[in-house]
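Labels for the chains are A, B and C, by order of writing; each one numbers its residues from 1.
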Amino acid sequence: MPDLGLDVLLKGKNLARLLGGLGVAMRISMIAVVISIPLGIILGALMTWKNPVIKAILRVYLEVIRIMPQMVLLFLFYFGTTRAFGIDISGEMASIVVFTLWGTAEMSDLVRGALIAIPVHQYESAEALGFNRMQTYRYIIIPQTVRRLIPLSINLITRMIKTTSLILMIGVVEVLKVGQQIIEANRMVSPNAAFGIYLAIFMLYFFACWPISMLARYLENRWRV
Amino acid sequence: MKDILLKVDNIIKRFDNNTVLNGISFDVHKGEVIVVVGPSGCGKSTLLRCINALEPIQGGSITLEGETINPADKNLTALRQKVGMVFQSYDLFPHLSVLRNITIAPEKVQKRNPKEVEKEALALLERVGLRDRANSFPRELSGGQKQRVAIVRALCMNPDLLLFDEVTAALDPEMVREVLDVMLNLAASGRTMIIVTHEMQFAKAIADRVIFLDAGQIVEEGDPISFFEHPQTDRAQKFLNTFEFESVKNHEK
Amino acid sequence: MRIDVIVRYLPLFKKAALLTLKLGIIGIIFAILIGLICALIQYYKVPIIRHLVAVYIELSRNTPLLIQLFFIYYGLPKIGISTNAEICGIAGLAFLGGSYMAEAFRSGLEAVPDIQVESAYSLGMSPMQTAFYIILPQAISTSMPPFMANVIFLLKETSVFSAISLMDLMFTAKDLIGLYYKTTESLFLLVVFYLIILLPVSLLGSYIERRLRYAGFGS
């Protein structure tokens, strides 16, 4: 049986170190998610307003953020802020800011999509029943929007977690970096560690995201309108 | 008596444990128009789908000009070319123009000359009053127009037998007539047809023979006059009464 | 920001952009092929293979491209599977993109109503003819919006290629920042070149989506 370098995983605290590295990525994505979701809801609702100025500004923000690869955004922010303002922010801070900006843009688009997907006659029949504007939102529109939105926002969480793998590139010590360090340290005793470690990281990401995706799909099927 | 075109012999159709058709037998002669009536869920549509081999049967046999229709058969497409079917929902191919909807099967399945097929298709469209819509897309047509195109599409395959599955049931009332007129014309020109419908006046006018289906069995069978005027069974009487009631109200106006 | 610096580095970025485009396009073509095959296997419920396809789709969709690339580029050679960085990049993009394309095509296939298939059968068409003339043309046009979104997504994902030392746009920018501190000019060129690649695709995507929404053939 060829040496697959899996034994390295079980040596010392290696597995715990990898999990710790994943923890860093998860922490960053969770912070970004927790900020993006409420911000995204507010911006998404604003986008359905008729005010052309607000609409235009939000549109530009959304398009600019969405067309650039997240990696480019990370670079722009990480290297750009130092250059432009002389502020030296940490890689972790830069990633939180960038992922929040990105997450807010994505979330606002989901919210806008869910709001405009509600047919006009839903508003009209609520009005015909004598609901006022607040009641219409409270009892008719928001419950329907939330059902469409929850599976999509859960999916956004897995996208966020996957995207955090990029922070390696701006020098944050996360799971890939820890993996590289372990491989480096065991270069002599276990030359094939790269296979085992990267396979382990692959599976770690998979088991972090997969249950969340399953939940999203379950809710989507259950609440299908 | 003319030749037998289609022979349905004691067929059984089950969905899981639910028997939908339970020993149906009848013959269709060349040039005959059969109308199948019965309450919702009696198995009328399933019967047509079995004849077109869209559903496998669990017992009995269906033969068209002596050849057995069997969904597992390799010659299925050859048999199906002899049977045209028009469905209740507008089933035109939405990505093809009206003309292409009609010509694609004769060209690709029957490998006929495209020019010739096109000429025939246009002539048929002319007959149903839709010559000027040949290059339209299905979304640009009304429901009644779509159904007329669907009938032409089936006709252009030159089938021996035409099946109509409640073709007017999904139409707005004012469009029903234009579709039924096309079918009356077909009957007058000697086409062999099996029609499932809820339009009783139409059934009376077009049928050579009426088959009344209930709970998966043929309850009554006969010429339209005797079926509609003097139904023999309680079940047929009860069924026809539901329509009678409506016409009584109309008279009182 | 100095114009002369920009002019000096322009050729480097041009070369990098061409590499990004080349790998991106080849990877996407393979992703389309994989996606189409997987979608058809799932649509026609091919026994056994469809379960393998399901496992592949879950693995591919729930892991980041960067990790997939690390495994392919650094991990696989340890068990004797080694190629060059370009092929790894293409393989990674195809592995990731295949599942996304499969989902797009599958949703398109499932959106074709059963009655369409039955009408084709009742006109005497064989299953092959039905697939070719009736199912696929309709499925492909309904899957165009998610398809275009995937193309844009995959082109953006190529930005992680620099991690396996491919000299793409990110690599070039990082190099110039690290070695010569030409931060502003590098970032500017990085953004401009990504815009040149992504903007036309994005505009095409929204054009197609608008056309399908307003002039769609839905009956």
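Worth a mention:
One rule holds in what follows: a residue touches a chain if its C-beta (ideal position, glycine included) is under 8 Å from a C-beta of that chain, and two chains touch if they have at least 3 such contacts.
What you are looking at is a predicted structure, and each value in this text was computed from that prediction instead of being measured.
Taken together, the touching pairs link the chains end to end in a line with two free ends. Among the chains, the centre nearest to the mean of all shown protein C-alpha atoms is found for C. Most remote chain with respect to chain A, judged by CA-atom centres, is B.
With centres set at the average Cα position, the gap from chain B to chain C is 47 Å. Remark: chain A and chain C have CA centroids separated by 20 Å (rounded to whole angstrom).
Distance between chain centres (mean CA atoms), chain A to chain B: 55 Å. Across the complex, chain A is touched by residues 58-59, 61-64, 66-68, 70-71, 74-79, 156-160, 162-163, 170, 173-174, 177, 183-184, 187, 190-191, 194-195, 198-199, 202 of chain C. Touching chain C in their complex are the following residues of chain B: 52-54, 77-78, 80-81, 83-85, 87, 89-95, 104-105, 108-110, 137-139, 146, 150, 153-154, 157.
Residue ranges on chain A touching chain C, taken from their complex, read 2, 4-5, 67-72, 75-76, 79-80, 82-84, 158, 162-163, 165-166, 168-169, 176, 179, 191-192, 194-195, 197-199, 201-202, 205-206, 209-210, 213. Here chain C touches chain B in the complex through residues 113, 115-116, 118-126, 129, 133-134, 137-138, 141, 216-219, going by the rule given at the top.
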